[in-house]
């Protein structure tokens, strides 16, 4: 118990040092240089991704979606701090992987999402990940708070078969305000994510990854829907046949097939909202 | 049992006297004088608050939201009796803390919300409270009727950790029509609220408070959502890790951070409704 | 058992005779004469009632709402067979209490709701009833199929305390297509309703009554919502405090108070639908 | 065990042969010739059917609805691969019962729904079926995964009394990507459907049939709703009275009565969506 407290104390000290070091570095280092303008189609899709997730009730002013820069794997794109359904192309900002905004003179730090480190730290550890969502999707909260494992109910949510761990922030940082508000916590989360497609955050929400922007949106929608369906099925008092890992592998091998047409439907509906 | 009946009888007599006294006073006293025009931005936000809550299905023609006057802590602002989604700036009325309308010649009492005493009496006892909502949010009813304690499922509803009591009107007034229709019942409710952020009302709904208008709207939305999520989690048959009180304190200490941007999204959506 | 079969057989014979008698009578009798034009405001409210219930997901092309004629208690007003959200003032038809359309030359019987007898027969037996709804509201079906009694969860649904019986059509007519397709079945239903405010119909839906059009709409909305809330509460595994009959009586004594303003909000929202 | 593996191996070989044979045939055979233009009203209804189901949340870019050609029972009509809410009349394609598109030079195979074989193979085995829906309706998934039998809760869903089997693709093809991506799997599904009105697909969704386009839409809506209502009722801990098979037969004998007017309401609402 004592040693646990000591370890926790040491960890906090380290976290503090990391923050101080970052601040000093931020002051000392020049602002990162842009990797150049991304493909305008990527920006358009990023704006649509946020609108689609907001239209599904999965993003509000506290959640966000990002995509890796198509010209430089060490940069990612995300909106400044805005409710997803208010974002337009001109609100998209380029970040380096330490989650520092690039080339945005005059923009105050308070105009950025506090938890952008979720994105930067996952991009650092997972070169295969091209897009990330952070959501407070309601149906996921009960699974995060109870540690009941999510299992794939149907083919649209097959990726769940690869395992969805739960991040308990108390194990890393004790009692906090629950936010991933620095690189250290972002790194802890990315480590807990490991090779999995998504991770629940106890008492908070989830982070979801995918190899494309369209797939991270689909995964967020179907992870959330699967949670609802699984909770319902668990209450039916009968054994549940989940997707087998082999079925999931076969589905994921052709995943994306047909997604483009669903994307167009989602986008049309979301962009028509006032 | 007999003494209980006597106590109840005495209480009713007192309540009746209070009502009579109020009526006499109302007849005798001049109408209260206005504290002057409030900040137009406050009025705009109050109208938006009602629209946002109506858009979330949390207010109809029987619920209401108020804010303390920015020029005088002994006054509050609330609409006349109108469905929240029909209210405009010109429908906002100033009240004194006895819930008497200020400077509204010609407006009949029947044009006011019967339960405005919820607001006036809470503002009297709680100088820290700047905004109050009275709602019949459906998801809260089951918790009020069963006395199952609400617990915080995630950071957006952290304030629940400070305790949400239940008001049983029978203990104060026996069998009633359930309404808080005078200062005495309003005072009873405010006393039962104590220092808590909100109180459920058995067989009726809830009263929610906050230090700002934006936060009382957010608290109403997340109190309601938390009830749904908690009921779902309780059915999963696994232990639930709720937010710790220390986590809640840290979250509340920076609460409001980021709320402004979610507010803009909510407002845009609500005001676009026909 | 044998006597039950005999009784059932006798009953069917009676029903058949009733139908035959009706047909003969319909052929022999002249069409009923109109009681004169109703108050245009009543027609406007009847159209709005259907739109509001459709907007709440409680009426489609198979449910209907009617109101007693303001000039003649032996007449009622209801739309011809149309989806509630398509009805306009010119679709409203006058019926006598045998549910025969008045003064509508050229309108084929197939253009009327088959189950209009629900309305006519209730108006016959219940002079206090001024408006009737027949709905297939989803949340009511499970209560009708299980015979679990509906109980009032909160003040908006207080009238439930007066008892909501369940109509089992098999007891009256054996195996049927479930429809109240003649005066005999309508009479059976009205008898089972008795003095209650509403009745569930097993495997079918419900019939709801009230002393005004606005209240029958409110009762339909809150009966349906109460069913959802009660089912949720029953799963919480804790004793439920329902409204007491005395509370319900006090609420009903002033029921309608404040309903007009909620009605305006509902109507504005429903009529704005394309 | 060994023999099971052998049987499975043999089956896969057969499936492969079938695919190869189909490809050769497709290359060798001329494209099928059109049966001529269908009734424009049928096309209009087919487009509306997809929009109505999308508006109910029952079709997206991965589900589809088809109708048998009114001029030739060996042809069916379905949209090219598009999200149902984006389909217009010009997107409707004619298929032969081997699910080969007719007269569509220049259209790549990737522009078609992979699972169109569901439709073609059902039309082959079931001459009475005039319309087919393939959906991933969320409420059906739990029933498919648990094998809990669907039972009819109320008259709108009476057809469920005729039995809704579950298709376990593993029994036919082992571990797959769950899709009905060729004639062999389509035939297996159609055989499992037998004479039933619909079939659930474990871990995937459902296929629903009917003698008309309007009825297949209504059946999809009410199959989905019935699943929700039945799951709710099962949790009430009381015996449930389902519709009797005789009640269902009587209802189905006049099924369609009144559907036209509900269809108009659904269509108006769905077509008004942007």
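Think of it as A, B, C and D in the order they're written, each chain with its own count starting at 1.
By our rule, a contact is a pair of C-beta atoms (placed from the backbone, for glycine too) under 8 Å apart; a residue touches a chain by one contact, two chains touch by 3 or more.
This is a predicted model, so every value here is computed, not measured.
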item: Neighbouring chains shared between chain A and chain D, ordered by label; value: none
item: Homomeric contact chain A-chain B: same or different residue positions, threshold half; value: different
item: Angle (degrees, nearest 5) of the CA superposition of chain C onto chain D; value: 90
item: Rounded Å distance, chain B centre to chain C centre (Cα mean); value: 35
item: CA centroid of chain B to CA centroid of chain D, Å; value: 50
item: Sequence positions of chain B contacting 2 or more other chains; value: 235
item: Residues on chain D engaged by chain A in the complex (per definition of touch); value: 54, 60-62, 81-86, 113-114, 136, 138-139, 141-142, 144-148, 170, 175-179, 202-205, 231, 234-235, 273-274
item: Touching residues on chain D, where the partner in the complex is chain C; value: 152-156, 158, 225, 228-229, 232-233, 235-244, 246-247, 250-251, 253-254, 257-259, 261-266, 268-269, 272
